[in-house]
Structure formats: structure tokens, C-alpha cells
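After this come two complexes, each holding chain A, first together with chain B and then together with chain C.
Right, the complex of A and B next:
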């Protein structure tokens, strides 16, 4: 297994390189001009040319690519045009709220979604199943920005329990910084739990018709042991796959939620970079997102072997 | 909380203009969100009028005056026992958090024309001159100045004892270094630079500027709060450190000093205890500037609904760019104060005159006559309280306002005339590209309405709404667009500012013909004329040329809505939000 893990980690390098090169060329062909955004509406052509030259954008594309790759190989992703800090630092400072938000959101999703899915499957075609399906479809269908704003209006504006928006880092405010993340986490958790409930229900329904479940019932095992130990563990591969994929998405940033709640996370960072054509930051953010996906997929693959001994790491 | 709200109703019936405005006033008595209309309304008056008994008019007025007096008396009695009877004495302390809609690209006012930077940093930096209520320049960091008769030489004496935030005293050395940097980097400074002959330090607190020839708009540019045109004084040491590069340290003479900036999150300023305030009436950035709050934080909140929610809860003390259509809701909420900013901005269509069909003046005139500006204003901005038609390029009350401009041309909606003019042009039905940003509500809605109006007279229109980064790139191309909607701040202090945007190959207009050269000539004359009356006549002729050659189409002036939490006191409205002389009620 160790050799497999090392091989997979080494595979990250060419994947990231391909992502980086693709991103470089895509960002250089899409329309949009950050120089004119930086200088303002009435900047003269001289000012535009001057800044373009300062940034090295007056050089041919292949020269810029060569310089960029050279820096990239040294681990230098460049400097953000608008944030005036190195790209790695910009991403690093935005990771804290995103990671905390992802963990809290995912925890809520797991606590709601998996029990709901199990409950629905174990009461297949009964009223509880129908209620669970209704809730799951409702959760998936509600637009995230609507849920976020509704929660804000109820719990922040009307009841005054939580701050409306913003974020204070854990270093600055300690655990009270979590107050800023309660509503965003619920917004994320509700949506993710709906998806998780549907997958859990579907996977459990497959498993519950298997012979070994019937055998377990025939042995007189208690219902919760059958569901928890035999059925849920065997249904866990699709659930873990979805969990991994949704956790990757959350770590890459949920820009809608981050924007609504003014949370300075990586999702809002990437989207703002795209809107402003902050090329170095776009490239850095995409490489970062690709890295998250690759690493989490690796963790998922490893977890398959742990969950199901029949899966061989080769 | 108790409040009296007096609202004047729009007079839509021309027959009613002669009657006292009191007739069109509603008085609301509000207590904890409960509203009661206790006075007359226009409807009541109209009923009286249609009863055919105009003699009752005086009686109605009298009755209503009595009613209003009673209401006010009643309310004053109530308020004397309530929290409303709180002191209006300024209180020190607290953090004033402003929900700011846009993130600035950087904070160096000389390196961008983005007014968003000045809105924040003109609390830190101050001008040699600032504008007064008529948008005339008045000395601010300057104690006095003198100029020669023809306006080609100026000498400035700085105020003594003014400290920078680093504790050093401002001297002529700082002003000299700042002015040189201003000429090389600032948008307005670059316009001035070719005319400057010599800058000299004439004393420890005085310096002079000599021009090759008379330069009339000089002081107006120095004081302009628009597009960061203002000349501000920074320490010489800082200028030597950064040169023409973008500054990342900010030391000024303003009543707030810079603390920190986390891009896309907040800019934090704090009260500068060594601030030397001037006396004189406060207006915008001029006059007395007292700071009562400890901190001023501009928090970047891009979502409009979040800004509103934050002001409602008191998390933010102030928010700019509130939704105009929610004004009645805000007015009913006793936790929110509303401010309508006027003059604010003017909407224009920028015409690309480098390509057919608008390289032809008949096509441009057809465009002018095809527009129904009232329909446009109603659909795009909505409530007439937030927009008005104004043919002049300056708002009413401004010293350069020309009320009779554009007679027979401005808002002269005439489909037949537009059709006839279009048929005289060389237009062959090629698509007219309206290029605009989809992120800006005014621009995107205007583009859709314009398409409809222009197609009525025979133009074939292709609306292209992109993100802002794409728009600024496309419109800089000679063939990137035909029409582009833009908005300029109304309180530009001097018409010469337009000289940089309107003339031969200026800004994005691609205008280069005998008419553009005529326009250049108008600005040349304006540049040299220092006598107000004579210069005003030139400004009138500029307006005439504007409507004759149509480089831009003036649409309407519109207003901005700002909201503040009830705790914020002493706020005084200005085109740009300023937080001097304000305090937070405890």
C-alpha cells in the first residue's frame, strides 16, 4: 500500500503541471483587461502602456510562459495584481475560514444526511421514507443564496442571535469567531445533507436486499446492529465517495455562501480574481483547487481499502 | 422612539403648482413602527377642487395648518418623556463601521481615477484646496494664495503647524515633492503638466507654480473630489521612498490616520489626535472636520442585502448604494435613517464616432431624437424622486450649470424627425453594438431600454453585456462598440475636466474630424479664460456644440440612496460619503 500511496503522490506533480499550463493559456486568451481596471475609467493610453510594461505583459506570450514556468518550478506563483501580496500568501490567509466552514458544514451534513438516509431506507415505502425523500428533494432544490439570506434575516436581523456577516479569525477572536460561521455552516450543511441523504438511502436500499442482511435478520440480530454494522458499512463506499467529493468542493470554497456572508474564503477569492482578471491569482487558485481534489481523491481511494478488504491497492 | 416625518408629494397636476406646498405634504407620526397619517394629502385637496368650490381652498389650508401644529405639539409633549429627548451633543468614542460596496484596487490616490479610492483615502489625505457648497475651490491646507492677473502664476502659502500622521510638520518641501508626483502620476495632474513652466519653493511654507500661459481651471482641478483629481500633500520622505510606484504606506494630514488594509475585507483608520482643524462651515471635505469616533472601518460588503441587514442590526453604522426601491420600507423602519444624495451622477451614452454610422452627424442627431428620456428614467431608475432631467452637464446650483442648454434637442423625442435624420445618414442597417457591464444595474437596464427605443426608429441593435473587465478592454478598441453607457459624478468642479474626455481622439470616443477640432478650440478658449462671466459664455458655447455634434448623449441625473443606523448622528450628506463631525450615540 505504501508504494501505491507514493506513486499516487508522485502522480500529483504531472497533474498539477498540466492544470497549471492549461490555466495559463486559458487566462491569457479570455477577454478582459485588469490594467484598465486598476488604473480606473479615465486612464490615458500612456498610463495603460506603462503599467502593462511594468507587469511584463508587453512581452510575447511564449516569453511570458517561459518566465512563468521558471518561477512556478521554484514554487513562486507570482504576486496578486489587486491584493499586492504573493499568491501563496493570499490563498493561505483565506484558507482558515474555508477549512473551518467546510468541517462544520460537512459535520452538519453527516449528522443530518446519513441518519435521514438510513431512516428512509429502513422504512422503505412507508410514511417516514416519503417524509425523508420530501426533505431531501426540498434541501437539494432550495437555492443556496435564498436559504442563506433567509437564515440571516431570521437569526441575525430579527432575533439578533448571530452577526449578519463577516469573519474574525480564530487567532483574533478565539472561539467566538465561530459565531460568524454558524449560519453559513447551516446553509451549507442543509444542502449537503439533502444530497447525502439521497445517496445513503439509495445505497442502503441496495444493501438491505442482500442475502447477508437476510441472514443477519434470520440470526435474530437487533435492527440497529443490522443497519449500523452490516448494512451501513457495506453501503459506505458510495457514501464516502460523495462525502469526499462534497468536502473537496467545500474546501475549494463555496463562493455563494462566502459572498452572501462576506466571509473571506478561498471561493470568494477565486471568483473575485476571475472577475478582476487577476491572472496570477486565478492561476494560483486553480492549482490550489486541483491539489485539493487530487489529495482528497487519494484519501478516498485509500479509505476504500480500509472499508472493503476486497479492494486491492495496486 | 418617536419621529415626525414630513413628506412633500410630487405635484403632477400643472394646475396645482400655484398652491402652497403645504397642501402636498403628508405628516406621519411614527412610534415603534406604527404609522398614522395625520394630515392632508393631495387626494383630499383634489376632492375639494372637483367639488367645484375653490373658495374652500383657504379653509382647507387653515384646517391643515392647525392639524399640523396640533400634531407637532402632541409629539413634543410625548417626546419629552421618551428616549427621543436624548441629547444631540456629540459623544466621543466607538468604532464607526461603514459597509462599503466595492473593493479598491489600491489606496494610492495619485495612481488611479477610481473614485472608490478617494472615498476612503480623502479621510487620510487632505487637499491644498477643497470645494465649498457651490463647488468653488477654497484654501484648505493652503492658508492663502495669490495669482497674477491673467492666471499664469500662483503662489501658495501653507498653514503653519499642520502635522503629518508621523508627527513631522508639513512644509513647502512636502508640497513641492507632492506636486511633482501629482503632475507625473495623477489623471488631472497629467492634464496640467504640459502647461506648467516652473515650480519653486519660495519659503519654508510657500511655493509657486508658473504656467507658460494662463491656466484657468488650475484651482478647480486642485480641489476636485472627483476621480481623485484633487492635489493632496504627502510627506516628502514617503514620496522619495516610493517615487512613481504605487504606495503601500499612507501618511497624510487628515483627521484620520491609516491603520491597516486587508484587501477585499476592510480598511481601518483611526482618529488622528494631532489633527489641526480649520474653522469655517463644514461641507464635504472642506471646513471644520472634528472626529468623535475612535475608529473608522470601511468593511467591504459587496452584497446589497447584507449591507441593508447590517445597518438594520447596527452591525454597520452606514451603508452606501442602498436599494432605491426600498426607500418606503427604510422610512418605516425606525432603526434606519435615509439619505438621498443629489447631485450624484449623470448618465451618458458615449458614442463611438470613429466608425459608421456614428461618424456621421445625421446618425448622431437621429440617436438624440430617438430617445424618450422620461421612459428611460422611469424604467431604469424608477421612482422619480431618484432622477430628473437636466440638459446641462452640471447640476442645478452648480456655478457652471447652463439651464437653457439643449433647447430643441435634449429630450426632444420625435420618431418622425429621428427617421428623417437617419435616412439622411449613411446608415445601412449594420448592427449597432451597445456594450455595457451586466454587473451595473443602471447600465444593463439602460442598454435594454435603449435597444427598444432605437429599434423604433430603424436602428438594428445588438446589446452586449459582459463583465466589467471585458467591457473596459472592448471599449478601448476602435471597433469594440458603437454606443456605451457611462455615468459621471455630477459635482465635477470645472468644465475643463471634460476636455480630457471630449475632443479629438479623447478617451474612447474615436472622434477626429472638423467638429472635434472645433470642440478642442472651445476647450482651448476655456482653458485660458479666467474671468467668470466670459468663461461662462464659453461654457454655454460648449453646451451648444455638445448638442450640435453629439459626442455623448446626456440622459438624466440620478440620485443615490444611503442608509445609516439610528445611532449615527451628525452625518451630513455630500456626493461622497464623509465621516467628519459624526458620532455614535451610546
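Right, the complex of A and C next:
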């Protein structure tokens, strides 16, 4: 057990290395002169040269990479070019709405997706199954930003049930701050609920043909107990696996949804950074999401080993 | 009729895709307006007989812009499909066939998959600068690992089958085995995945244009139109609702088609 967990933790190192390399090259292999792009056409040569040396962009690529990685290992992502604060601090202070939004989105995805998938599988090839599958295909076909705007039009502009946009922190407004997040979390949750429904359905279909389910049926167990206790529990591994990537998809979704609803979270911060070409902040924003993805998957894999003794033998 | 009963998704999805494609291809015939012509006197008109989807804040005909927007969505989506198929096949074949290459490529893709695709696409499109070809490369770059992984997993399965051993025994070279024996077995899954990639590319292009890093104004794009609509939501909701509806129709059509093709071509999944 311990050996498995240690091996799994060590596996994170090469992945994080690739994450760092990818982030660096995405934000450093840039056509044209990035410093000129940041400062605009009217900046003087001296200003350009000054910023270039401030950013370290006068050094060759491999030197920059080495310096960047050594700072990264100390948890230093550099300074934001426009906010003039450390990137880690900029992201940290904007984290609350994003994390709350992603957790609410995930909750919505689970509450819709898993029951829909179970319903479909337990009515395999019947009309309810077909409706559920169609809903799931429909759910992955709706762009979140359009859903967001349509919900805003219906529930905020026309009915006035929710605020149109903005956010108040939980510290300031308590639970009523959730009112700002209801529509945004539905907007990012729907697509994930559809993906989750499909995974749940196929995992349940695999389990429902097993012998022990037939035995349970034969001994006259009630249907919902078979579904809940025997089937869903055994189908849970693929479902939990997908939750890891689903959460990072939700965090990616906040880039768009926070922009639509003017929520001051890390997603809106990332888009602003991209628009202003604030390279250190762009790097920080994408590393933040990748890091959360890697950590969640680590936790999921370790919890499998703790819950299911078969896992570590593979 | 029998086809509809046997493969409902294939037929409905195919019909939707065909419908959007016909509208996009015949845009210059279907509309007499110009997509970018500004007419201040006609601004923000509700849908009527002269402007069936109304007009936007510059008096441009929304229907015309939707048609031309769908046109660029399909063009970009198609180009992305070609690029992801070509790069996905190359990487997938090499990685699945040669274990040495596989170890390196899989490590890289593992790290790569830590970034959600849309994040990569947005960042690359913004950093590489605007323009249609940049958009195509940025989206393909973000989405091709999925195709590569699918091809790789089939190659690994097919590689150990008897007929590959037989081909090798007759003295066939690796290139011959890869292209003549293994690739044909990957084609059905590639077709299915290409359909889903098309849908994903249209969604990605719409999201990028919505965020302002995709197709640039005044050129019409479905995502860009939804973005413009935000300022006029209470007074002129049609500006954003119709283009969004067109995105849903084309993506839904492709997703249904992909599901139908999967049932038809790869029944084992």
C-alpha cells in the first residue's frame, strides 16, 4: 500500500515537469516582438530595452527557461506586469469566487448527471433511456456562454429573480452571495452533467450485466436497492475518475463564465491577463489549473488504493 | 424510413449538418444583404419580413451575418479536423507501434492533458495573434492529443493480432505494416472521432470569438455575435439568440452524427 502511494506521488514529478515546460514554451515562443506588443507602437526604444531586460527577455531562451524553473521551484511565479503584485498573490486574492463557482458547478453536474445516467441505464433501450441519451448529447452541444446569456435574459432581465452580474464575497454578504453564483454555476455545470450522465450510464450498463446483480434480482431484492447498493457502488470507479478532469474543465469554464457575469475570480483575471499580454500572470493562471488537475487526480488515485485493495496490485 | 428507425441519430444528425452546410454554402444566394454593411437607420430592428432575424446595433442584417458566421465556423472546423486527423494519425501510429517512442510521447501527453483544451486554445490564439490560420492552428494544437490517444490505443490492440505477425513473416517492412495493415483498422474510429473533433472545433472557435481572440470584428462569427449581443440584451435579444441557436444546431448535428456513426462503424464500444 505505502509503496503504491509513494510510486504514485513520484509519478507526479515528470508530469509537473512537462506542465512547466509546456507553460514556458506556450508563453515564450511568440511571433514578433512581445515587448513591443506589450508597450504599443508609441513606446521609445529605451522603454522597450528597459522592459526587455526587466523581463529577462534579452537572455537566450535556455537561460530564461533555467531561471524560470528555478524560481518556479521556490513557488515564485514572478510579478504581474500590470497589477505590480506577485502573480501568486494576484491569483490567491481572486480565488474565492472561482472555487465556490466550480464547487457549485460540480454539485449541479453530479446532482443532474448521476441520476440521469442511472435512470438511463436502468431503462436500457427503452424510451427513458433514449430521452436521457438525447439530453446528454444536447447538453454537450450548448456553448456555456450562450446558455449563460440566455439564462441571464430569462431569469435576471425578464423575471428579476437573480442579479444580472457581479459578485459579493461570502465574508461581506454571507449566504446571499450565492445568489450571484446560481446562474453562473448552472451555465458551467450543464455540460459537465451531460458528460457525467454518459459515463454513469455506460459504467452502470457494464455492472448491470454482472452475475451478482442477477443474483440480487433473483433473490427478490427491490430494484432501487440493487441499483444503489450493488450497481452504483461498483460503477463508481469510472465515475469518480471522470470527476477529476471534470473539475478542471469547470475551472476552465470559469474563464468564460466569469467574464460573462463580471465575477472577479481567477478566470476573469486570466482573460484580462491574456488581453493585456501580462505574460507572468498568463503563466500563473494556466499553471494554477494544471496544478489543481494533477493534485485532484493524485488524491483520487490514492483514495482508490485506500478503498479498493485490488488497485495497488496492478 | 427504415434507416430512420434503425439509425435515428445518424439520420437526424446528418440532416442537421446538411441543413447548416447548405445554408452556409449558399449564403450569397440566400441573402441579398452584405454581412458588414453598416446602415445606421436600420439599427436594432426586431425580426420582420425584411430582416427575418432582425438587425444589430449597426443596422446589419442578423440572418446574413449568421449565414456568413456559420460559413467561417464550418471552414475553420473542417480545417481543424484535417489537421487533427493528420497529426493524430502520425503521432498515434508511431507511438502505438514503437514502445520507445511511446514512453516519451505518452509522458508528454500526460502533462499536456493537465491543461483543459479550451485553455490551451484561448492562450495560444491570443499569444500567436489573430487571423484565421492562427485560430486553426491554436485549436488543432489543443485538440489533437485526443485523436492521437485513440489511434494509439487501437494500434496497440491490432499490433498483437495474428495477421500482423503473418505480414512480418512474409518480410513486410514497418511502413508497409503500419500503412497497409494497421491504419485501415483505425479508420472507423478515426471517422467517428473526427466528427466529434469537428463539433469541438466549432464550439472552441465560437468560444474564442466570443472572448475576442477568434475571428475579429467586423467579420461575422457566431461567437462574436453572441458577445456583441450582451450590451443590447434587454432591448434586442435576437442579436444573440439566433447565432447561439445556430451554434447549438451545428454542434448538436455533428454530435448526433458522431454517435450514429459510432453505432454503425464500431459496434464493440
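In this text, the second predicted complex is superposed on the first by the 239 of 314 C-alpha atoms of A that agree within 3 Å, B and C clash if a C-alpha of one lies under 4 Å from a C-alpha of the other, contacts with A are read in each partner's own complex, and residues count from 1 in each chain.
Rule of thumb we're sticking to: a contact is a pair of C-beta atoms (placed from the backbone, for glycine too) under 8 Å apart; a residue touches a chain by one contact, two chains touch by 3 or more.
This one's a predicted model, so the numbers in the text were calculated from it and none came from an experiment.
Trainee: Kindly classify A:58 by the partners it touches after superposition: chain B alone (first), chain C alone (second), both, or neither?
Mentor: In the superposition, A:58 touches no partner, neither chain B nor chain C.
Trainee: Touching A:18, do we find chain B (first), chain C (second), both, or neither?
Mentor: The answer is second: A:18 touches chain C but not chain B.
Trainee: Is A:286 contacted by the first partner chain B, the second partner chain C, both or neither?
Mentor: Second partner only.
Trainee: Now for A:308: first (chain B), second (chain C), both, or neither, which partner does it touch?
Mentor: neither
Trainee: Quick check for you: in the superposed arrangement, does A:261 touch first (chain B), second (chain C), both or neither?
Mentor: Only chain B; A:261 stays clear of chain C.
Trainee: Applying the document's definition of touch, where does A:275 land relative to chain B and chain C: first, second, both, or neither?
Mentor: In the superposition, A:275 contacts both chain B and chain C.
Trainee: Go through the superposed model and pick first if A:150 touches only chain B, second if only chain C, both, or neither.
Mentor: In the superposed model, A:150 contacts chain C only, not chain B.
Trainee: With the two structures laid over each other on chain A, which partner does A:32 touch: chain B (first), chain C (second), both, or neither?
Mentor: both
Trainee: Based on the A-chain superposition described above, do chain B and chain C contact any of the same residues on chain A, and if so which?
Mentor: Shared contact residues on chain A: 31-32, 149, 152-153, 157, 259-260, 275, 277.
Trainee: Would you pull the chain C residues touching chain A in the complex into a rising list?
Mentor: Residues 9, 107-108, 110-120, 122-124, 126-129, 199, 203, 206-207, 210-213, 223, 226-227, 229-230, 233-234, 237, 240-241, 244, 247-248, 251-252, 255-256, 259 of chain C touch chain A in their complex.
Trainee: Residue numbers of chain A touching chain C in their complex, please.
Mentor: Its residues touching chain C are 14-19, 21-22, 26-27, 30-32, 137-138, 140-146, 149-150, 152-153, 157, 245, 248-249, 251-253, 255-256, 259-260, 271, 274-275, 277, 282, 286, 289-290, 293-294.
Trainee: Going by the contact rule at the top, pick out the chain B residues touching chain A in the complex.
Mentor: 103, 105-106, 111-114, 187, 190, 227-228, 246, 248, 262-265, 299-303, 305-306, 309-310, 312-313, 315-316, 466-470, 472-474, 476, 486, 500-501, 507
Trainee: Can you check the complex and tell me which residues of chain A touch chain B?
Mentor: For chain A paired with chain B, touching residues are 31-34, 36-44, 47-48, 82-85, 149, 152-153, 156-157, 160, 163-166, 259-262, 264, 268-269, 272, 275-277.
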